[in-house]
């Protein structure tokens, strides 16, 4: 595999009882860039991402991470290779403090080095703007803050690839704006795969866009290319002319 | 004072208090406390799995019995001395909890509860089936003369009390330390949200298996200690009732707190003991108190304390 | 006894066990399915059903059938009301929190058991079956002169045991119709699927829970009234049915009523049939392990949806 | 309802304990020196810790053990107590659980400061409690009919002077079974140690009579349906030997009858299968003509002794072995006499040893160990006994009764010698 691609798939397919959710997906994610994965509801985005990080077993096809075939690896092993993942539906440790939430994410890599973990936690909490809430219980946070916390947990892992599944869903406009800033501040630091509905976010953050429709890749390219792509407009952007 | 210091103070204070209790309490309560400490070890083992890892087992009596019979039978049938018999007891509990854990962890939630219950039930029947060796329900006595460990007579009041205290202290402190370690915190993470923990890169299955083994082995240790300190092994300890007891103790004392198991055992023991001296219908009192507790102290006694007063409590 | 007749006899006994198990487990399954709570006191409601049956039949006298029919009406009603009251007074107050429900129902178990011990006493007390004829059963064997019918030694069942099987089928069918065809059933199913949405659509969820809890206990009591002429009323009799009913519900698949019935048949029949091949206790061990293995390899239960 | 008098009993016990305790303290503080203490001591009641199965599987037995004990203590007190001191029972429920049993013993010894403990029936509770009795040096008189005491597995502080053990019972039965009922026996028993004892001892005993056990069917505990096991009974069986315990016994006996219908072999059972159960219960009709071992004949026999008559009256049991208040309430007549007789042995032992207080416990045990023949009397209404001081076990007569018109009629009484076997232990060589 090409060294400039951190992650790629070949012929990745998932069928549920004869119904194809993903068909023969050949996909490549360039290292260090932000890529957005878009597509109408039911296009198979979550299935695809699920197969990337190992939550869903592929029916056929291969997933490569940094040139290594990771088909046989269970989810937690893939994560340990440097993939961080945030859920479509917020998933934090609701009964634990913010500090502990992030520490759990950091600790997997940093182990029992308390100082390093604490430093990391302070760093990422500051970065997402939750520092002053470190001792609060995660379940008590507002929805928007919980999403930020989840991103902080992703960051605390120092991921080489950060997969965010619809991170701005349900956020207020002001929160979305700071989210965009956050993602852009990460550019170059890590590779980001963003599953996103909000085209504004996509356009302001993504270097590349892949469009999924009916479980197949419809188009891939820069935002400009995608914007100009007629097939995409027909299938997906159709009515929303501009963002 | 930092929270860690406070926790240490609480733990060491508890142990000191128990040590002092030997000298100031009347004989009867000293005897009770030595029993309570052994049972608290069982509860600590159970709490590790239920309170910290979030796995509700109804089969812990099997682990308790594994330790009890591992020790008892090796002394009874193979004339082992106490120390090696204790090792056999521990090893039996470890092996059995590993096997049960491996199988039962394919399930989760109520299925886990039922599978562990059924394995324990099969274990209980197995003890009866091999009645020729185990003496089934009747069980057998471990002779007083054999109950000596490193020169300490475990059948004397003093020997028994401090052996129980030593065992309790080791398990109490070890588990208190373990749950603060990265491993223990990961277990808590699994309890809170297993899928999230997995997607942070933790091997949750292996973690849970380790938790079952640690919990089962501590429970087995309690079983072995019970046989050794009180001189009796019997199939009653393998019945479902003895799987429900630690659940009850832990829930009453406060699941997921270090001190909860001890408080739960003390509470339940004296609830039965005191109410039975007032009325023969003591189960009625026990029942009413349990219902009241769920209504007014849902987190268990230590859990309520933590929620209301000592937020730092481990 | 020869193998064939032995197997037939064991299967018949297994069918009786399965019938009673299906009834007791069904009550638990409905409670479990709709309310998602572990009711540890379920076995005690079963026991109360048997004790009330004894009480009714011994008060009424006359032909045993009169008392039995009365008991079949009264016991489930009383037990159901009692359970509904317990739900309202306790479980509703603790919001059906899973852990607290376990402790509360253990408390309830103690209370019911001790109260029964103090009033009913520690003895096992029999209830006379409304009818009970021993029916010798024939067996066919291919011999020198073709098929021959003979009456093997000991191969028999009683008319009452056959009645239990029929009654269980009838009651479960009625229940099935109630749940699938009636408005009550619809409300129950809606609450089971999504209690919050049900609440939003005006379903009085609290009251549904209360009556579901009562219905579950009532079904256990029906099972007990049917079983008490075969066994006896005793204050500790609730223990084993509780465990078995639990196992049945989980094996069947949480919330799946057909699953519960299939599991009851599987467990009851295997208990009977395996006893043909092994010595009694060994048979129990093997049957228990086999059923446990079903869950190990199918964690969601037989008809449960996979998570 | 039935527990009411018991609870009053306990409460009174506790109150008395408290009163006696404060009284003693008051006496010693008011009158320093030994004389005051001795005074308080000598008139203070002798306290017997009564370990009773009030709850759990043994509750049906426990209720009658309690009733018999109350009656025996009342009689002893009416006759002037022990060594001039009144006897007081301190009852504690052991839940028929070995763990709680041991705890209760501790409570007797260290909290209630009882002089001795007594009364346990279920063997597993005896096993669980006996080690603590030895450690606490608390004389522990069990009424359990288990072979545990005589087997040598317990200790010098545990004795069974009031009831014959199962090994002796079974051995005494075998000749009658072999000579009158048949030589090919199928045994049905619970898969408990108690059932295994029956299997092992009876197999040996029947073989000595030239018979054999053709099949041994061990029923798992808590089983509630039995028919499926009956096909295991071989066709050649001449006698069925059954001994079951627990609440399902009635089902067992009923299903046995339904299984055989009109063509059953001879049936011999231990009355344990039907203790506290009315033999006229519906479904038990087929028991007519079958045989039972009885520890003490439930129905008053034609040749009833004056001692049995007095004993029945004292306990409040009618001629059918049921409560005087309620003819349906059948007693555990074959076992509960053990409480009565044990208490009388304790009384005699304490008088011989001139027992004054816990310091004399060893002397009490030695006094009991020195006992041997105990003739039929009001103290021993079940029959004469021979106590073996070395094995701490008593040996008595056993009764074989036939169900005739719904009553148990004694057909044969074994001699004490029928039940004797070689000593398996000599507790007197153990130190105190």
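The first chain written gets the first letter, and so on, giving A, B, C and D; residue counts start at 1 in each chain.
In the analysis below, a residue touches a chain if its C-beta (ideal position, glycine included) is under 8 Å from a C-beta of that chain, and two chains touch if they have at least 3 such contacts.
Just so we're clear, the structure is a prediction, and the values are computed from it rather than from any experiment.
Chemist: Using the contact definition given at the top, which chains are in touch with both chain B and chain C?
Modeler: D
Chemist: Could you tell me which chains are in contact with chain C and with chain D alike?
Modeler: B
Chemist: Taking the mean of all protein CA atoms as the centre, name the chain whose own CA mean is closest to it.
Modeler: Centre-most chain by C-alpha means: B.
Chemist: Select, from A-B and B-D, the pair of chains that is joined by more C-beta pairs in contact.
Modeler: By the number of C-beta pairs in contact, the winner is B-D.
Chemist: Taking each chain's centre as the mean of its C-alpha atoms, give the chain farthest from chain C.
Modeler: The chain farthest from chain C, judged by C-alpha centres, is A.
Chemist: Could you put a whole-Å number on the gap between the CA centroids of chain A and chain C?
Modeler: 50
Chemist: When the centre of a chain is set as the mean of its C-alpha atoms, what distance in Å lies between chain A and chain D?
Modeler: 75
Chemist: From the mean C-alpha coordinate of chain A to that of chain B, what's the distance rounded to whole Å?
Modeler: 43
Chemist: Find the geometric centre of each of chain B and chain D from their Cα atoms only, then give the gap between the two centres in Å, rounded to an integer.
Modeler: 35
Chemist: Considering chain C alone, which of its residues make contact with at least two other chains?
Modeler: Residues 114, 117-118, 239, 281, 284 of chain C touch two or more partner chains.
Chemist: At least two partner chains per residue is the criterion; list those residues in chain A.
Modeler: As it turns out, chain A has no residue touching two or more other chains.
Chemist: If I count partner chains per residue in chain D, which residues reach a count of at least 2?
Modeler: Each of 3, 55, 191, 220 in chain D touches at least two other chains.
Chemist: Does the chain-touch network form a line, ring, star, complete graph or other?
Modeler: Basically it's none of the tidy shapes, so other.
Chemist: Each pair of chains that touch: what are they?
Modeler: Every touching chain pair, ordered by label, is A-B, B-C, B-D, C-D.
Chemist: Using the touch rule from the top, collect the residues of chain D that touch chain C in their complex.
Modeler: Residues in contact with chain C: 1-3, 55-57, 59-60, 62-63, 191, 217-220, 222-225, 227-233, 235, 247-251, 258-261, 263, 276-277, 281-283, 329-330.
Chemist: Please output the residues of chain A touching chain B within their complex, sorted ascending.
Modeler: 53, 55, 74-77, 79-80, 85, 87, 91-96, 100, 103-105, 107-108, 111-112, 153, 157
Chemist: Would you tell me which residues of chain B are touching chain D in their complex?
Modeler: 26-28, 31-32, 35, 125, 128-129, 131-132, 135-142, 144, 155-156, 230-232, 234-237, 273, 276-283
Chemist: Per the contact definition, I'd like the list of chain B residues that touch chain C in the complex.
Modeler: Touch residues, chain B against chain C: 103-104, 106-108, 110-111, 113-115, 117-119, 121-122, 125-126, 128-129, 240, 244, 247-248, 251-252, 255, 281-284, 286-291, 293-295, 298.
Chemist: Inside the complex, what are the residues of chain D that reach chain B?
Modeler: Contact set of chain D toward chain B: 3, 6-7, 10-11, 14, 54-55, 92-93, 97-99, 102-103, 106-107, 110-111, 123-124, 127-128, 130-132, 134-135, 146, 148, 153-155, 191-194, 196, 220-221.
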